[in-house]
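Some structures to go through are shown next.
In what follows, subunit A forms one complex with subunit B and a second complex with subunit C.
What follows is the complex of A and B.
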């Protein structure tokens, strides 16, 4: 730490009780700059918590991923063995595949439906404001409630809520989350239901930033609705797209709670995702090192994705 | 004519009878899809149905029994736990964010960029990935050697560190005019006074944003309570829903009643503070 801001003469200068009165010039200077540690005092509580609950866990995760973690027996350094276990494990392969499917499905679904919602609900009328709020509600409902609600809606018999709706149009009954064939799509649909309204809000914010004059000009030029969307709206939303893509993809890769509550990876492991597997390895089977290796890999994947999109954005903006 | 060009689709301007019907059907469908399940939740919570499968959208025989049963199963205690966690967690988070925001926005010091980047980086660090090491650390905090597993404190303290709140505060505090601060300094005010009496009051909108976001974020916590809780006495309401469901005697009505209690606070917060909420979403995401 440096003391470049703290002039020895200025220490304690802003306390009225100090015996000597500093020269006016020195006093003003010390007051403006404060003591070098003032900002650190304000930052301290935040830094302590960040170190404890973000940085130390992260370092621990990385260390553990190279160790055979044995509580009370001491940890053994095993090099890359955990990573090769993870990468060679059949269960991990399918979990990663499921995670990617869910991430892609939810990201694409939420963005497409979110954009459609935003386009439909863009406007100033009172009725639209009400509709937007109603459509946004799924986002603020706690994820645990979403999962329990959809579990009951997905009830696999004919009188289950969604099955009775399917029955009305002569379909079903579907097993939904109880059938390995439909469990994945069911989890994705629940995710889209909660994710699309969020994307809608961000799209709406993006739409508000589009120059109205462009629409007018397009109308004067005789552009159809479709062409206006294609040539004015979508280009105007470019940065929103990339942000939402990163946010949604990260959300998808780290998906845990809804899968944990809806299917807990089942039936038959058909919805086991990276995080549920890591949770089971780490906290149920006590294979902490392998779980940590999986977590580190997952983190690297989200990091690469984020950086990739950032680089793309930079290049395009430049 | 300009009103028609107000939006990409210009739906507001559609006036033909066919167009109106189409619009109505479209909006009704949207409402059904996104609000329908929540309506089913609401109605079922008050419906006297013992059917273990069904939710209903049509109120049949209204009753409060579901809530009675839910409270008999301990929902009151879970609710209290949730309120304790959200109350203290939010307080801690707001205090920490305004203090850190003040330092980052109004001060210049060595390593500032480093600190800022480190805090920003945690936004890219999904909490799920830290779950396992976090649970180890909570069972034996380095240096102080406290065990927070099995206590509400274990769910509260980690919530204090949320980079989103700090960034929102920092951005807001940067916009407070320098002149105000300088004037106060000339009048002899110290850092703490300037912070409390000048900067903070100017940041009320930001406090609204981090308040409502922090609230919904904390109320929505699942993994952290799951890691920390060892028995039902420290369950938060969202966590308890799963336990209720596993009990085979519990009907959907009871689960929906408990769910309703679990979702009301965050929905209410959203409805009351919609403006702050939308602003926070936009600034949080679009600046990101």
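What follows is the complex of A and C.
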């Protein structure tokens, strides 16, 4: 058991005995914690908002996933039919596969580039502060603007921005988002461009927490820069990796806006992900029950993934 | 700890009760109040000319009848926002949107039936426009207030520079498209122009919308009526296959369709034409004011689409007024519809050089040539009357349009795909859709 998990009384037991009059039990509790409802009072505004705007819609979505939703004709209970429709749909299978590919690609790409950027920009110099802020800009730019920028850059002719660069090295022109063979990687690159700076900032925070003495000891031992990264930096960033992995994986599974704006799932369904398909089923085709079933399945997948990572992390920490 | 658990349980139960309470049907028997203001949604750009024209019509209506109207313009994801309001059981009173929505809205119970007897001017509507708003059972679920059909817009300056005539058939159309693509019609010395401008994104089913201008003229069809209100898929018929093959070759063999078309919705496609990147565009009259301003009236011409293998049919569309369910002011809804389709209402809707919402009038007593002197409008009116082809009235056209858009867009995006196999797969999907709607012939 770690000190964090020890009971306050047990910690107190190690201290030198102090003579004082023992207070009545109820009063001691009140002094330390206040009334039982005090924390709830502080939490109430947030809880009310969460209940109304988050939890009730979530529960409603679960209810809807078992119904044929027709708000003005009356919803009909259809049991698990919506789930069997979604699970039996080939489009849903390929959308799930595309979602996994995008999640893995964006997560890995963002983490590798984010770590590389963090290692390059670690330090106290004022110039680095400026560079870090500049590198962080893609995160604060609205996703709609990002998608439009990349759409322009991906223009599929020789005079397109990226194609003119490819032309300089004798490649291209590529269709990028307009070609089913290159659309997926194009979407992933856009996601990495936006996600890497975010990962970089968290890595920078993690790097600041690594004991400098370990680097000095490694230098004394004659370790190369690469060895220091491998044996000091990466182990020191273990908890950062697990947090980033969970955040990035959830972000990857819920990917929607950049796909919707860049390709709308096309061409030929090559970038259709779970969220764009759910959107189409639910809101474009007005099959809200089927869309809700897809959303519930995605929620469960995210939940399982998060729990899996948490269990894995606790086992390693234990 | 125990108390906090109880609070958690309480919150969950409350949420369940609340969500359960809101699951019943609603909106059919709402208490009526003729003084309740009418919330009107129109599918047009907020702050744009269409919104101004709708507000002008609403003001004239208020003055004439005393009812109050609040106009809201929405363009992006209009149907999505409407679906959200439907899920909240709080629909606007009136919606002005594409006529192809009639089946979807009716099957979802979002619109109420219109009693023609209560609409004084309904007898003045053209047969073509009125029929497009009827469901297969003959009932009326929308009131037409504007009609349109597609025509071919050609960069006149480019055509004349290359010494070409106006295309009279599809071979000449393809030939002109090739010349626009390879002949440097803008004279900038770069190979940066395309022959045909096409909206082939799958968003809202745009690719299907656009391709219908070619499909019907070739004698093909999305679905065919077999009698008694039953339909069978028709995308694998020889005529449809030939139409798809011809159109696909424009993109895959001749490379005359503008680059990036398969991910372009209408706004991006419009910009391509007005930026001088494409030479021909099949589109309705609503874009004329925009192109006159951005491109110049003298730079392009409006001509009927050349005849295909069967005829010169083009997509006819209409805009309709839908009386939404759950309104507390049904009398106001009827009065607005009646005013908008009357000769006076139609003329108000047509006023102005750019801010108008009625493209071609649907009232028999209104002659477009007397309202608009520009001969291009007469061209559009003639195309609509002779070759206007509406999408069939089935319970829900949206999935048909979306499935066909997916396939058409895919076939142009991926030239390696087996055309016949893809169209056959599409027919299987269409059969399932027709069965789901209870109108399948098989």
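Structure notes:
Convention: the second predicted complex is superposed on the first by the 273 of 318 C-alpha atoms of A that agree within 3 Å, B and C clash if a C-alpha of one lies under 4 Å from a C-alpha of the other, contacts with A are read in each partner's own complex, and residues count from 1 in each chain.
The definition used in the following text is that a contact is a pair of C-beta atoms (placed from the backbone, for glycine too) under 8 Å apart; a residue touches a chain by one contact, two chains touch by 3 or more.
Since this is a predicted model, take the numbers as computed values, not measurements.
Aligning the shared subunit A places subunit B and subunit C in steric conflict. Of the two partner chains, both subunit B and subunit C are touched by A:157.
Contacts of A:109 after superposition: neither subunit B nor subunit C is touched.
In the superposition on chain A, A:252 contacts neither subunit B nor subunit C. In the superposed model, A:191 lies in contact with neither subunit B nor subunit C.
In the overlay built on the shared chain, the residue A:145 is in contact with subunit B alone; subunit C does not reach it.
By the touch criterion defined above, A:263 lies against subunit C but remains apart from subunit B after alignment on the C-alpha atoms of chain A. More residues of subunit A lie in touch with B than with the remaining chain of the pair subunit B and subunit C. Residue overlap on subunit A between the subunit B contacts of one complex and the subunit C contacts of the other covers 36, 40, 47, 55-56, 60, 151, 155, 157, 159, 279, 282-283, 288. By the touch rule above, subunit B contacts subunit A in their complex via residues 2, 4-12, 26-27, 30-31, 33-35, 37-38, 40-41, 51, 53-55, 95-97, 99-100, 102-104, 107, 109-110, 112, 115, 118-119, 122, 124-126, 128-137, 141-142, 157-158, 160-161, 166, 182, 185-186, 188, 190-191, 195, 216, 219-220, 222-223, 227, 238-239, 241-242, 245, 252, 255-256, 259, 262-263, 266-267, 269-271, 274, 278, 281-282, 285-286, 288. Those residues of subunit A that touch subunit C in the complex are listed here as 36, 40, 47, 51, 55-56, 59-60, 63, 67, 69-75, 151, 155-159, 177-180, 262-269, 279-280, 282-286, 288.
Across the complex, subunit C meets subunit A through its residues 3-4, 7, 11-12, 14-16, 18-20, 22-28, 77, 79-80, 83-84, 86-87, 89, 91, 104, 108-110, 190-192, 201-204, 259-263, 265, 325-326, 396, 398-399, 402, 406, 409-410, 413-414, 417. Within the complex formed with subunit B, the residues of subunit A that make contact are 1-2, 4-5, 14, 16, 28, 31-32, 34, 36, 38-40, 42-43, 45-47, 49-50, 52-58, 60-61, 64, 117, 119-125, 128, 131, 133-138, 140-145, 148-153, 155, 157, 159-161, 164, 193, 196-198, 201-202, 205-207, 210, 212, 215-216, 219, 225, 228-229, 232-233, 239-240, 243-244, 247, 250, 253-254, 256-257, 261, 275, 278-279, 282-283, 288, 291-292, 295-296, 298-299, 302-303, 306.
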